[in-house]
């Protein structure tokens, strides 16, 4: 994995993932695509999903928490590498529920200021199945605010106003998630699928998220013109923006 | 006003205005900006606002409907010219309420197909003060669908999937309107204000919409980075998108 | 029933009821209370509810439409009288569905301009059980707009900006109705219950709406201070406002 | 196709489809499943989708409206037969937009009263891509109300209070559609796919809706217990209920 | 009170009540009904409501916190007994505000895993009058997630995917609560009213919640067919579901 | 600043401001207006906004936290004085994020009970730009509940049921804020502007909030009758109510 260089002039992006596999299913295409475009993408995994998202490992005799964390870390690092991410950091704050403390917040603020991301990716605002997901998003939005404060660690370079994009939850309609962006990830699908295959503990989700990619691709084509000139998009990812965007042309 | 040329390769846009002055207050900046960028912008005024938005004229003795329509038309043509619009069409279907018929719909479909707009502008989805506004939007969205139908006037070139942007209503919070786009119109503000001044009958709104422009400008600056690198936007216009957009980079 | 006098200086109110009994269950308290306070209250029944809300009558042999309308009219007139309303008008536009035409709209506009109501009462914005109810409300809001138009029947006195209060539907939560006003109708409950008893065809609703009155009374007490100084309200009615109100003191 | 018998004691269901193919993609599983369970399922196609959803046919030279309608009718009849529906009726009211008239409404009321469905299926409440869909739903809800009215065609058996289930639109999140029911259609998937294959003009949708079926199956499993005892559901369909349901056990 | 037996094959349910009386007013009918059907129903009272819902006791001279808790506990135990609940547990975490800690969460997780409820009852998602209520619901939904985690106390039997039903708040419309289920509790009304009478400190609510029961009964009848075959429901309780339900027949 | 006298018979109001300048921009008019009407208005500043809203101070060399707090306090005291507030209290709990603890809550409860406000002002329910704002509002609503509890500090006079009004956030549409009240502050605008000028560190907001005042004034006029008898309101402030209000006349 390449060294992140804060003096680089390369564009940057930040992904905040509640558990160590979330970034793969939900944002793997965006990570690979922007890496290919020359972005340094930093991934923060708040937890390993060691308690709540490692059923396969726990079902084996003699499994320990350290073993689970270690396995999950290896999978996540392999996936990040497959996607071409510049950096992946593990906060290890515990999952189910996430152990969000002031220290954890300030650590995320530090990352935001160091990375100075052009945009940030995180979870949906609601999720009745998994309250860690919206907790991570609330933390992200709060830390974005702190990172903008001149009086937090005075002298550091403050954060600008990066867009926060919410990636797709497992059951979108139950989570009040509505995408306003459909990203064409066709050219990097192979990398996303390679990353998906790193998730040995959750094989039952591989085809589920392959189908998600295809559906978003069909929708992307339709929304860009359909049969009357729409772009042929084989795989897509949907995102919901939090903030309005400043533009110079509609 | 320049002749619209359907064989042109210039980009195009369409504005659907319930009454003949709406396009000025709400979308004048977008029209002038895109005209300057080389777009052929077509404006459709469904009515003159002759009954509901011409109080000043009606207060004079001996006023007639024909006179009101004629005056409103002159003002709207002058404003469209000031903005650099390529074409302005008056459907004259009556206002308060709008007289929306199948004929009017098919006429709007014809315009959509001829113009083949890259994007369409219209009103908010709700407005308890003015039910003509959401009626125009519903009509626009319905006609967009009809214009996409291969079986409507078979043989014509069908419409693609242009974005529909909703412009700002008078009391935004009462209309459930939430902008996701803030357009920088600073460079064409003089043209928008010139168009505003064409509306001799509604002078009480001139300063109101000047202040709207300034507020949206401040917000555009803030959302593009604020004091940490935000673009200095003096005047802005807000828009709400109806459809997700297909993109290749976040 | 007293003659309505347009030159009166008494305050006025207008109730728009989809069917001839709606105003009793839902707004009878407000009508009686404001009548007692000196308001001239005008009730418009768009239909008699002859098809959809007259089951008891239709179950009898040989029943005819004329008979149903006549019976319903008698009941509604008796109820309006019991409440002290200044006027009740029957538009007879048909129910299930309401036969809303341009003529019906302009007739309602005429009433609005003649009455010049300080406020207007009508139904909820949604009702999946009874689509006539929201249709009446949409018509009311549209007609309020037309009545404000200088160019509609020029020369007439236009309408100001009366609040529109939505009265309580049968199953509030299914209708998206949220009251922001709880009106104390205790002092006129006897009149409301007398009006309710005029509805011989819908006796199954008498106790239902008595209980509604008591519940809203308890809530009114609670919201005015509860056990710490709340007003003792025995019977209440809830209303949802459409527009913000201009005030000089919070 | 079997003859529908109004004196039958078999349970019944009604599907209201805006265009002649909608019922296949969106409700084919429910139709086949309930047919297998002994329901007489009646399908009403308000239009053939002849203008808006027959692109493939129109692209051929010399195509006529009659030809399109005839082809679409044949496909729909074949699909209904594959699903085991008891009856399919074509109202032929025109599409893009639907030609909804009082006559069409009363015709649908007649069907509702004759069928006396235990439940009704129709479209989502919103759809910015296709305004015919919510128009069909509004019509269905309105007709349900009329069919309950004792004064509509007095003497006929009135309708009870059947649930209205909204089937899945093409882009769920853009249509405000949220399923509260996930129906296991695994055992009849072969029949649904056979019906899908009858839609020769829309082959691009076959795999799209196969994937939809699989995703809803995964979700059904998860919501019935997931890895801890959830039912293994291979294919599912989602529905949103309009009305609360009366039950005797949670 | 009968001993709860974790090896029992009887169905089970769990009620999470913020204060010790909430379960009576809001879910007493469901508890009694399912107890009669053979369910072992476990009630968890997070607090006694000792500070916020014991005004009558505090108004007496010399009242102490211990006395209030003791009295409230006695009332709640008597009510649980009257309803036929299998078990009632008092977490005593403090009220106004609830003292929700990680320990309290894990204790609730333990109960969930031991009880393995077929369904869970708790409060509405919002309540501006009483923030303890939605806090209890958020805790319940979070604990449901934790109880599903293989890595939480590995070796224990994990929780499946029980439905969470939200019971009725005091002012439904202000709490954004919308019932999708109306439960017929007529046959156990006597038991619910007996439990209500155990709440000596809140006598002002007895008739209020009797009327709630009657209103929900009328609505249940109406939604199951009304005058055309609806079930005669004298008393009902409303519930809002959080999750979609997997079914095999509509 | 006048001494607050708890035995006073003067009406009272309470403002809860997340940072020390919020009350000026958002509620300065309401404070000055009610002070002039004889209210004792108490302002609570939860923090000085020392970290997040003092950029201008931090940009100077050698700036310290104590200096920032001291400067911000001076400005806020000067502004409160200019507005005629009876009291201003600084909780100094830290900002970005607010350091909300049980102690801080109970301190706010103490103020509520001492002041016994007729109404309370605080922030919007959502704000993705500034999560301190909704945090302050949630705290306020929670403390209102605690202050009503007989068992909290038994013997103290409990709080009644004061309305909570939410003042205007910086970008209203992004915060889900919808005003139902437009307050005429024209007569005290000079005092509000004097208070605004005390905010030396945020001069870029002076004209922004002057324009906000003018826009709300125009809207207030329009909603009180517009050109047909509306009150001429030069400056206004908008508020959103949380609770329904008990009234005796619509």
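The first chain written gets the first letter, and so on, giving A, B, C, D, E and F; residue counts start at 1 in each chain.
Keep this in mind: a contact is a pair of C-beta atoms (placed from the backbone, for glycine too) under 8 Å apart; a residue touches a chain by one contact, two chains touch by 3 or more.
The chain lineup, named per UniProt: A, B, C, D, E, F = 4-oxalomesaconate hydratase.
From a predicted model like this one, the values you see are computed outputs, not experimental measurements.
In terms of the stated touch criterion, the partners common to subunit C (4-oxalomesaconate hydratase) and subunit F (4-oxalomesaconate hydratase) are B, E, listed by label.
Farthest from subunit D (4-oxalomesaconate hydratase) in terms of Cα centroid separation is F.
Interface of subunit C (4-oxalomesaconate hydratase) with subunit E (4-oxalomesaconate hydratase): the two copies contact each other largely through the same residue positions, with over half of all numbers used appearing on both sides. Look at the CA centroids: the one farthest from the centroid of subunit B (4-oxalomesaconate hydratase) belongs to E. Taking each chain's centre as the average of its CA atoms, subunit D (4-oxalomesaconate hydratase) and subunit E (4-oxalomesaconate hydratase) sit 38 Å apart.
Centroids built from CA atoms put subunit E (4-oxalomesaconate hydratase) at 53 Å from subunit B (4-oxalomesaconate hydratase). Contact with two or more other chains is made by residues 55, 129, 148, 174, 179, 219, 222, 238, 243-244 of subunit F (4-oxalomesaconate hydratase).
If the chains shown are joined wherever they touch, the resulting network has some other arrangement, not a path, ring, star or complete graph.
Interface note: chains touch in the pairs A-B, A-D, A-E, A-F, B-C, B-D, B-F, C-D, C-E, C-F, D-E, E-F. Across the complex, subunit C (4-oxalomesaconate hydratase) meets subunit D (4-oxalomesaconate hydratase) through its residues 50-52, 54-55, 58-59, 63, 65, 68, 95-97, 128-132, 174.
Of all residues in subunit D (4-oxalomesaconate hydratase), those touching subunit C (4-oxalomesaconate hydratase) in their complex are 105, 138, 141-142, 145-146, 148-152, 154, 164, 242-244.
Partner subunit F (4-oxalomesaconate hydratase) is touched in their complex by these residues of subunit C (4-oxalomesaconate hydratase): 13, 30, 33-34, 37, 119, 148, 158-161, 163, 165, 179-184, 219-226, 228-231, 233, 236, 238-239, 241, 243-250. Residue ranges of subunit F (4-oxalomesaconate hydratase) in contact with subunit B (4-oxalomesaconate hydratase), taken from their complex: 55, 129, 170-174, 177-179, 207-208, 211-212, 214-215, 218-219, 222, 227, 238.
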